[in-house]
Amino acid sequence: MANSSSISSPKLTNRTEVKIRFSEVDSLKIVWHGNYVKYLEDGRENFGSQYNIEYLTMFSNGYTAPVIDMKLQFKQSVSVADTIIVETTYRPTRAAKLIFDYTIYNKADMSVVLTAETTQVFVSLDGELQLYNPEFFQKWKERWGY
Amino acid sequence: MANSSSISSPKLTNRTEVKIRFSEVDSLKIVWHGNYVKYLEDGRENFGSQYNIEYLTMFSNGYTAPVIDMKLQFKQSVSVADTIIVETTYRPTRAAKLIFDYTIYNKADMSVVLTAETTQVFVSLDGELQLYNPEFFQKWKERWGY
Amino acid sequence: MANSSSISSPKLTNRTEVKIRFSEVDSLKIVWHGNYVKYLEDGRENFGSQYNIEYLTMFSNGYTAPVIDMKLQFKQSVSVADTIIVETTYRPTRAAKLIFDYTIYNKADMSVVLTAETTQVFVSLDGELQLYNPEFFQKWKERWGY
Amino acid sequence: MANSSSISSPKLTNRTEVKIRFSEVDSLKIVWHGNYVKYLEDGRENFGSQYNIEYLTMFSNGYTAPVIDMKLQFKQSVSVADTIIVETTYRPTRAAKLIFDYTIYNKADMSVVLTAETTQVFVSLDGELQLYNPEFFQKWKERWGY
């Protein structure tokens, strides 16, 4: 019987707390929508620190991982007194891609502020798009049962 | 027989030129992906100036139009010496929404840098989501044959 | 003999830790100089939280405190792997001003990254510059022996 | 007898127009003070384009020119409907430094919004601070009679 990875593999998730900065709030007194891209990157980098796949790890293995696709759905606004929780979850895929799903919560009541997803590809330091999983990423997946 | 609006109505498009700032380029020497949200807003605001539906017009009519959905596909990078063209096109819809499609080009060779779409809804100044098109927007649509 | 406030009053200082974001680093692989203004605001806001004089406290008392003067001296650079410590110190003055001195350290070796100062004035919510200390600020100073 | 350079040399000034972006305005409905650092850089880069001493020129000569000192005095605020003029003027000095004075005007009435100055030093691409004027900069100065 095949081991389904959905059964045996753990769900990899990071939760990062971010305090809203005064300079991130716009004239409508809510966080300007473009700033959420930074919060997603905060979540992704902390995911990387927790699971050993951060930007500098990739870089030292000879790769960068540019975002090629990004989708954001805004559910409600937050403002200067608020703290948010960025929940970043790895989405397993066989493709040579790194896909994350995000939910941002208002820490006060854990209501959903935003859902999002990003897709990254691997590019070697001399600029070559990788069609197959780089070795370091293949090992990373296997380590987590994916 | 009704004329389909796709036949009789003009395509509403704005083209805005943006010179890349040094501060918008990241350590990989390309524009940081989050900065494209600003370029989309530049395009949208200039579209608004050209077709009389800018942020301040909406505001003086008693509405704001927050972005509730945003999708970006990155095709290639640009850097500090580059100038981009943000092409912003109105996408007709019956819903009480404002939807724009974007293509960003590298001005040097007009190759595609990014495609994107944003969806905005109308919220009254006291915070009420509008389920029907506000009168000013309905008139705006009719003026352009939509 | 007058009690000199420099003898009897405590030095009010806050230390805030900030992790450098990838998006804050420029193409020379160092933090872009303009981003330090955000770090100073982080320090100032945390000073405000610690000593009960934050932005929202002022606002609820009927005032804002815009920065009217800002001086920054850059001593060395930091980059994406770094964490900085923003040390924010209140500088006593009789004038109706709020003056802070800052030293930013690289957390790794506590070497100095930047020194800075900012001056803020008090403006009522209807836009009037205050030539005398607002009552809430006078009380705040007295509470700390200034 | 030597002609004083203050008599024979032209004043080198660039004027750059910048339209305020919605995302640059804070919850007090004025441009957030940290954003002026970007406008100064806009002015400096356009000065560089006009007088052939821009960032990429320096870089191709083997140098970068980090800002080591920055002073800003805020005179009045601007907001989302405004356009500003950044006036950037070269300040002659014998030192191996690049010093600029800035005045930012509100285009509507040419009232002064901000005055500022920045000081840059020259650093070779291998990180060495230059104590003497690099040759390309010495030639640049002579070309303009400084």
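Things worth noting here:
First chain written, first letter: the chains are A, B, C and D, and each begins at residue 1.
Following the convention adopted for this analysis, a contact is a pair of C-beta atoms (placed from the backbone, for glycine too) under 8 Å apart; a residue touches a chain by one contact, two chains touch by 3 or more.
Keep in mind the model is a prediction, meaning the values are calculated, not measured.
Of the two chain pairs considered here, C-D and B-D, the higher C-beta contact count falls to C-D. In this assembly, A is the chain whose CA centroid lies farthest from the centroid of subunit D.
A separation of 32 Å divides the Cα centre of subunit B from that of subunit D.
Rounded to a whole number, the gap between the C-alpha centres of subunit C and subunit D is 26 angstrom.
Shown for subunit B are the residues in touch with two or more other chains, namely 22-23, 34, 38, 41, 80.
Only residues 28, 30, 33-34, 37-38, 41, 64, 66-74, 77 of subunit D touch subunit C when the two sit together in their complex. Interface of subunit C with subunit A (complex): residues 21-23, 38, 41-42, 45, 55-56, 80-81.
Subunit B meets subunit C in the complex at residues 22-23, 25-27, 29, 32, 34, 79-80.
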